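Both complexes below contain chain A, partnered by chain B and then by chain C.
So, the complex of A and B:
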């Protein structure tokens, strides 16, 4: 006799689905060298041009390295976790995914985490090698807080990627829009270009991006000491992205079901 | 009109239709155009952030070239990719018109639209950044910008065609884009890092950009412009060689789909 499964069992099932989705995405990405190139080359290029044009002071060098890593993470998120649902549609697996027993949202977030971990790992490795090659004096004053910041980076980029992925589901030109979404955040994200360099009427934009707050937290944790406010704001924004992604996903899937267009935009 | 010319024109017309299918006008206007504008703005403002106000003008000119090549012109690689994804290479290979002619003629609309978009991007970015004077001074150098776009397109097609049988096909144009950004003096002035200058000297864009900068400063520019032309021609030869090798390979192994 079968009946409703116990909450513990459902939770275990969801956790298993989440981990399997993350692993599946990572395996898929291993066979896609383009994603590796985009995550690996961008931090190297940005770091070299930013540092070699004019050698920065040690404190500024740490800020530049953090900003470059987060800028590259945005670029990587757009192409990797942001493309999860686009790839599901390309491979013809989206309809099966949303009709499965487990919640499609769990699968989406699992895959987004898998893609983000892959991107973060590649960016970290590329940045460390470049910093060593350029002999940049980078400070790591509070390593434990840096580790906390790194965890928030991964969670935040995962939810951001899931949100982007849902938006790309609404168009058949997802690849083109992916490319177009990179530079708005490069310019207005408050990362490599500080907020003060933006026109006054645009300075509110970076406040909406969790990566800008994480940048502030990491830069402080690497040097003079961390403060709680940027970390709290980043966590709150991350939670908001997660809720928004969940609702957007459900809405776009409902729309696609109504139109019978799950596997094509 | 001779038959050969008519065939090439028909191939170019096909390229135009392909372009509209791959990049609909809405995507060009609402995605590619803003991306180009923001790319120019990003590099120009970044120049001011990392090296002070003096570097803004330098970075603006470099940003223009990066938008022209790595954002607009890079779309020409859709020509060889299209044949791979739609399995149409065998038809071209067995046709009367040489394969290279068909590929290059189809790439012409991509280049033309990319250059038109570049003009709009440059005008908007110059207005946003308050660099109108510099933008006007750059107008006489548009032929050199066109030459850089041609060289980049030809090398992009050559690189994509040479690697198209591997899964690395989309890697080559991306790596070319990153190398251009790093090595061609768009943002990082030449003379800072030796190996970067060495790589940039054999790629398209580097010499053309040097010619434009020299011209703006009132220095001799012709040698650099001729070097850019030479690299453009060398890229064309590499492209023809790559097409020849892939055609021969397809004939021998039946790998028309470039699986």
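So, the complex of A and C:
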């Protein structure tokens, strides 16, 4: 037996656990049909529909591609990283994930990152192939900012997925809620349908979705030049998702330990 | 007195259900010393799994305290988890799409195993439980016994000083079960403390130093295995078959054996006796009791822990207590 660990050792342990959780989740995602549908087929279908009627200009094509990718990312997030804890409960592995040496939040965020990376990678691959096949004139005026935007996309989808995962853990009907959340955000998220087309009393909805702000940032970065405001709002919303996810997760674990429901399917 | 590996004092756990509360544990106290193996026995619903889950930090108690090497299971979670290996078993609790090695690797890291030497440790653990050949196959292709062995490897991968084993041999064939018992025996020799829950009394008989019996959430008995065997009140059953007149049992030797049954038909008779203890005197009394009878055969069946537990369970059902 050894004594309590030093802070540096604990940090290394947490980082190691985080990376292992991400890697394990990525491996678990291989061949996941929900991922293939939402991250593989969805961007292809949406892109084909979006450009079928008229050939867009390079700046408009970039906006369409960005919106389609982020829409697909929402679908992928709901079903993959958003379903991390629901799947753990189904497999009977939730108890071990919660009762490891490191904080359960580290495991959750690691797994959420693993699922998000797999989703983003699949979306990118499907989109690039489709863009090339359709010969869309996509503009990439500020690649460095696009890269920054991509990092924010991954981090934001990871925390958003973790938050959804925690919310789905609070109910036994997580699968139903996953399905129910998909299309309202497709319609109200300000990604495919511009915010101006929504009724005034519903325009606050997209403001709460970080992906909508990232969309604005990426569209600008690809064309006329990036602006800081949408990026800052996206980062603030991402941090808020993370804090909310952490609190919700800890609260639901405490409740589950009180009720004895940690290993219930 | 050295720090106990597991120390439980006045532990209680109540579950709220529709129509009232269900008491799963009530004022349970027990101690598992370092390097000691304690068998936890009890019928279904006695509170065994509840106690195991509290010690594994999966469940909060409603009263009392439980400590692992002095660390409270409700407040020192990190230390308790670092020191405790848990094998709850069953077919769930694994990632079916991942290989055995990938499963073990993930759970090893969760249990605090660092990067250095991890690959070797995984290989060693998989080899130890006989899964080396199939380590890179998806778990969904594993048999029930293979999954159980993987659970064992997961529970022991961080070489914890305390191991909680809940029905570890369920699903294992006799050879695998025996190998597991040997593994646990080796752990004891290394100083690992084990709380073993099993319905297979062979596991208890072969491994445990002490037996704690839970009944209706309370400790009904906490005795050494040798003492546990004495709770039945006899040490062997002797079955004698003979012909002609059955022996006249006039009460002689009643202090050393007890007639369980005497039946006969067509000139043949069968006498079953429960021998309280083997001694020169008991042999003498048996000889005297059977003197003059024509004996065709004698069978001696040593007491099994199953018999003891049946006896104890009957006592518990009758009066809620265990009396020697």
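The working rule: the second predicted complex is superposed on the first by the 256 of 265 C-alpha atoms of A that agree within 3 Å, B and C clash if a C-alpha of one lies under 4 Å from a C-alpha of the other, contacts with A are read in each partner's own complex, and residues count from 1 in each chain.
Here is the rule we use: a contact is a pair of C-beta atoms (placed from the backbone, for glycine too) under 8 Å apart; a residue touches a chain by one contact, two chains touch by 3 or more.
Values in this document were obtained by computation on a predicted structure and should not be read as measured data.
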item	value
Superposition on chain A - do chain B and chain C clash or fit	fit
A:21 touches, of chain B and chain C: first, second, both or neither?	second
Chain B versus chain C as contact partner of A:260, first or second or both or neither	second
First, second, both or neither for A:95, with chain B first and chain C second	second
Chain B versus chain C as contact partner of A:145, first or second or both or neither	neither
Superposition-derived angle with apex at the Cα centre of chain A and sides reaching chain B and chain C, degrees in steps of 10	90
Which of chain B and chain C A:30 touches, first, second, both or neither	second
Distance of closest approach, chain C and chain B, by C-alpha atoms in Å	9
Common ground on chain A, meaning residues reached by chain C in one complex and by chain B in the other	31
For the chain A and chain B complex, residues of the former touching the latter	31, 33-34, 37-38, 41-42, 44-45, 48-54, 56, 64, 173, 176-177, 179-180, 182-184, 186-187, 192-194, 197
Of chain B, residues touching chain A in the complex	23-24, 26-27, 30-32, 34-35, 38-39, 41-42, 45-52, 55, 71, 167-168, 170-171, 174-175, 178, 181-182, 187-189, 192-193, 196
Chain C contact footprint on chain A (complex, rising order)	1, 4, 12-13, 16-17, 20-21, 24, 27-28, 30-31, 91-93, 95-102, 107, 257-260, 262-263, 265
Chain C - residues contacting chain A, complex	15-16, 50, 53, 56-60, 69, 77-79, 81-83, 86, 88, 90, 92-98, 102, 105-107, 109-112, 114-115, 154, 161
